[in-house]
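Common to both upcoming complexes is chain A, partnered first by chain B, then by chain C.
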Partner chain A sequence: MKRAALSKVAAVALIVVIVVVAVVAWLALRPKGPAVKEVKIGVVLPLSGKLAETGADLKRGIEFAVEEINAAGGIKNLGGAEIRVVYGDSAGKPETGAAEAERLITEEKVVALLGAYQSAVTKTVSEVAERYKVPMLNPDSTSPALTERGYKWFFRTTPHDETFAAQHVEFLDYLNKKYGNLIKKVAIIHEDTEWGAKTAEAWQKHLKAHGYEVVKVVSYHAATVTSLDSEIETIKAANPDALFAASYVSDAILLVQTCKHKDFNPKLILAQDAGFINPSYVKEVGKDGFYIFSREVFNWDLLEKIPRLKAINDRYKAKYGVDLNGNSARDYTGVWVLYYAIEEAAKKASPENLEEFRKAIRDALAAIDLPADKIIMPWAGVKFDSKGQNIKGRGIIVQMRPEDGKYHTVYPPELATVELTFPMPTWAERGG
Partner chain B sequence: MLVSLADVARAIVSGVLIGSVYSLIAMGLALIWGVMDIINFAQGDFMMLGAFTTYWLLELAGLDPLLSLPVSFALVFALGVLTQRVVIERILQAPMVSQISATFAVLMMIRYGAEAAFGPFTRRVVTSYTGTVLRFSWTTIPLTRAIAFSISLVVAALLYLFLTRTYVGLAIRATSQNRMAASLMGIDIRRMYMLAFGIGVGVSAVGGTLLSTFFPIYPEMGGFFCLIAFIIVVFGGFGSIFGAYISGIIIGVTEAVSALFISPTLKDVVAFLLFIIIILVKPRGLFGARM
Partner chain C sequence: MSLTSLLKTPLGFLSAAAVALLAAAPAVFKAADLPFPANTLLLCLMYGILAMAWNLLSGYGGQLSFGHAIFFGVGAYTTMVLMLYYDITPWIGIVAGGAVAALVGAGLGVPLFRLRSHWFALATIAAAEIFRLSFIPWKWIGGSAGLQAPIVPREKALYYLQYAGSYVYCYVAMLFLAAELVVLHRVVNSRVGYYLQAIREDEDAAMAMGINPFKYKMIAMVVSGFFTGVGGGIYAVRFRFVDPFAVFDLITISVYIVVAGILGGMYTFIGPLVGAFVFMPITEYVRVYVVSRFPRYYGLHVFVLGVVLLVIALSVPEGIVGWLEEKGYVRKLKERW
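Presenting the complex of A and B:
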């Protein structure tokens, strides 16, 4: 018995010695080869839940950009290291998004974060990124407040709602200049959640700054609205030249119907995307939606105007069977911007020292200045201000055309694919 | 802003038109409440089913909404009878919380079943006369809304005749007044309940069909209409069907007129405020007693 016990102890000791020697030997002798084979970036998106469909769409844009970058030789300043994406699923919830961001940073050790679509989720995810000092690139959230927090690690490529509001007013200036001062008085109708209310606020600010008179502001609650008769009556009584609208889907349809049967004929109806560009709206509103203008971030007909876009969209469509849209194109662009920053960062730091490399990416983003021909969005380029907002981003204005019932780009002029119709014909002129 | 007489008239007309649709949903609710003492939370969702029946009959078979009206009523009536047999009958004696939970479960099944089947998309019922507008010197009325108003009047009248002039109608009212006595008189209570529930949700489906001719439809549309219907039923006097009809129109007009004089943003606030005042003054509602 005693002998057996002793030999057991000896055996264990022997194993321990072998393991220790092996580990030390491996540590000492392991090949030093190319330092990094891949660089991990973390992406937080709503991949499940109500927005799963949108999430899948965004993911395609990201996947496609990463594939193109890797196929073109990866990160050249890191000896061709590939970009690898690690996904986190926010399920559309701010708290889940934050937890996923933390996991990506601490466990997956990603060099940067990208995401997260909904402004509320982007907010919590960027809080985590800021705390861990990880650069975050946000390609797709439009709440202006996100870049007003004084964050050092947060960068947004997409223009936001305030930019869009400013652009709406510039569009009025453009129309007035081109078609002879037809618009002086503007009325606003908006749904009354935070988005609609903030949009209306921004509109009023910019309209007043440009000398327009805001004659009426009417809000309604989209979830409970059963009729917009009195709203349109009130607005009609104020006799505005233009109507600005921030609506969701069914209320947007109701709004157009009500304008029609109340025979309300402003010279211009200009919407802040949302409901007005939703496929359900476009399909259901029919010819009553013709001539209405909306802001967009992207439009199908830009393919003719942005040379890079056509080739990329062709490849994208061959792979996924659908065209790029405002969401997938913005996230696709986001990955490329991050890639350019990583190339820059690799000149100054190595991903082996994660902390330094993250800092280098942040600095590269802060200094980036991409010209318009490097991106596929209808922007003047990418350059961030001290708040992390891309100051070269802009939206476009589209008008639903009677020729095919689709929205066509009409502004800015250099991107326009059709001549716009202004003033909108009255309901009587349109007939039936 | 100066308010002219034409403005007031316009607001009243617009209020009456939307109010008459509220009334249909509320009448059904009042009938069920009056006869069975059940608060049917799914009322608005049966309305939605009526609207979607109309939509699909038009899309798939080209059936005009006015012709699909009876189909919509019949289908939802049948579904109501089924709901009564499978769910409501078992909870008639249950505590109120169980009853509420049960009809709430029906609501969830209908609403999210429809969302799963049709998708969350917004749709429109478009016919050749959808864009037709009746023009008067002082206002305009979409033809579809005028039709909806007329039919709601007809439905209210038919319901009145049914409840006061037919044997079955009298039996339903007897059941609502005294279940025990009615049963002793040889009335088949179970059958009356089935009829009441079926007709109650069927009338609401008619409301849905009419609504769909001028309002965009989507699976979650029932929510607010059901809330308004509750207010109307309490306002009109619990279980009073004709009180419900009149109150529906009063609520519609209140919304429109307060939008004119105060602000469109506050129109629901004013309607609900009026409701609270009436309840404080007349706790049993405007048209107090049972039917």
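Presenting the complex of A and C:
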């Protein structure tokens, strides 16, 4: 009995020793050092979870850009080395995104990170990148706070919510100049989460700076709102020339319907993207949504305006069966921006010294200045300020047209595909 | 049984070897620059803490909770708020997070323990949703945007418990897990533990015997809440970010805790910890390797995960440790100690 127990102990000890030796041997012998046949980029996206659909869309944009770059001869300054993307699935969670970023940086030895769509995940992923000194390009998160953290390794190509607010006010200036000073008083209605509240704040700031009078600010809770009657009544009583709205889908529908019922006729209704560009909003409001303006990052009719975009979209559609949209186009652009930076970095450093190469990419991003014709977004180009924000990014403003019930680009003027209608006709003028 | 004689039994030796390997693992991962296994180990330890805590209330006490994200979230927020707004080190903050979560548990116990069985379970889900929804508009603690800690200079790393990767946090989690094991072992093998099991088996009979169910459920809730809050605090310092959606999540917090507990064996002492050590590596590795090998089939890993869980649930319905105990491979822990 004692002997049996002893041999069991010996067996267990032997197993433990073997395991330890095997682990140590594997750690010592596993292949090291990347050959410069390829350069790895780490991409963190929500590939599963509630946002898996969006993640798949973003991923197509990235995949397509990488294929194009490699087909065109890869990274020329590295003798045609190919770009390879290693994906990390954030599952839509900040903590998983952070862990994936660590894995991509340390185990996959990526030269740079790209992602991560949701602002919360981008926050933790970029924190890891900053800590490990790895450049991160963020093509798709719009929380203004992201570029206010004093990070040195974080670059954002997309304009953020504050930029959009500033652009709305510039649009008012443009209308006043072109159509005679019709707008002086502005009212704001917004849903009350972070996004709506921050947008309303930014609007007030920029409106006041441009000499407009903010006559009323009203908020509501989008998740529970069932009526906006009293909100629209108070706004109507303040008699604004323009109404600015930050709403999600069902509340946007309610808002438009309430304006009609209460016969509220501002000269302009200008929305901040989100609910107003959702397909189910478009379907639900029908012709009541005509003439309403919204901010967008991208619009289908840009294809006709930007020749380069048309050609790319044709190939994209042939491959995936869908058009490029605001999400896939922004991530597509992000990969190209990163590619240009890698080409620059390759002049100064080699990926064999990973640390140096990452630093060189960071410096190249900080110094980058791409003209508008190098990208497919409706931006003036790509150039980062000291906070890492692209100062040449901008949104566009679209108006839903009665001709086809679709949104058409109306601003900035050089991208406009139709003449805008202003002031909006009253509900009576529209008839029914 | 003394430590030296414990080492002489095969199982005792095996446990001692496991503990030694566990203690060495983060250092080995750090030396080899392997953050992902380290993070997986941390998740095992963290969910181990959570599932053990949950098991006191739901396994021993029979009060099935699907709302443990409440304690987790409150603990995470407390640690973060103390650090960011009051400059209090997370070494204190994590414990404070546990304390506040315990208080919340006591407060919630008053209405919730008026309900029994599935009604109680449903009410815990509702309570967790209420917490999540009420944290979203709460501006002082960051609202829906959440709170992120700034990166501190290296000389302050120890005070703010800020390190790259999961390595250091593995040891922090081990420390709290050890404390939890000691406390829970005492509670379970005391009168409180037996009363709880009596309440679980038949609450009315227990009452007839003179046991006050409300009192003992409340004790279980407070202790369970405390350690779940501690788990939340560890999360907050490790990821340095909290928002209502991540820390009050029904699936990845509340339900994962329940899955780890049931998988390991919910009527056993050590089962939930074992469950976490089985469940978290599966979720993590399946996600990483399935996604990177088959990037076109995003979401496939969730399916694989489901199948693995289904197989385990069908073959060992009483949980891993429950099955081992039944087969006689492991004797009940309290008989040995």
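Here, the second predicted complex is superposed on the first by the 397 of 432 C-alpha atoms of A that agree within 3 Å, B and C clash if a C-alpha of one lies under 4 Å from a C-alpha of the other, contacts with A are read in each partner's own complex, and residues count from 1 in each chain.
The criterion applied here is as follows: a residue touches a chain if its C-beta (ideal position, glycine included) is under 8 Å from a C-beta of that chain, and two chains touch if they have at least 3 such contacts.
What you see is a predicted model; the values in this text were computed from it and never measured.
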Next item on the list: Would you check which partner chain A:145 touches, where first means chain B only, second means chain C only, and both and neither mean what they say?
Entry: second
Notebook entry, point to check: Should A:218 be classified as contacting the first partner (chain B), the second (chain C), both, or neither?
Noted result: first
Note to self: Is A:56 touching anything from chain B or chain C once the two structures are fitted on A? First, second, both or neither.
What the structure shows: second
Item checked: Per-residue touch tally on chain A - higher for chain B or for chain C -> C
Check: Is A:89 in contact with chain B, with chain C, with both, or with neither (first, second, both, neither)?
Finding: second
Check: Counting only touches as set out at the top, which of chain B and chain C does A:64 meet: first, second, both, neither?
Finding: neither
Next item on the list: With the two complexes superposed on chain A, say which partner A:106 touches: chain B (first), chain C (second), both, or neither.
Entry: second
Item checked: First (chain B), second (chain C), both or neither touched by A:12 -> second
Next item on the list: Using the superposition on chain A described above, determine whether A:192 touches chain B (first), chain C (second), both, or neither.
Entry: both
Check: Which positions of chain A sit in both the chain B and the chain C interface?
Finding: 192, 221, 223
Next item on the list: Under the touch definition given earlier, write down the residues of chain A that touch chain B in their complex.
Entry: 192, 218-221, 223-227, 229-231, 233-234, 237, 249-250, 253-254, 257, 260-263, 278, 280-281, 284-286, 288, 432
Item checked: Complex contact set, residues of chain A against chain C -> 5, 8-9, 12-13, 16, 19-20, 23, 27, 47-48, 52, 55-56, 59, 86-89, 91, 93-96, 98-100, 102-103, 105-107, 119-120, 123-124, 127-128, 130-132, 143, 145, 149-150, 192-195, 197, 221, 223
Margin query: Under the stated contact criterion, what part of chain C meets chain A in this complex?
Written below: 8-10, 13-14, 17, 21, 28, 32-36, 39, 133, 136-137, 143-146, 148, 150-151, 164-166, 235, 238-241, 243, 245-246, 249, 252, 287-288, 291-292, 295, 298-299, 301-302
Notebook entry, point to check: What part of chain B is in contact with chain A in the complex they form?
Noted result: 1, 7, 10-11, 14, 18, 22, 121-124, 126, 131, 133, 140-142, 214-218, 221, 223-225, 227-228, 255-256, 259-260, 263-265, 267-268
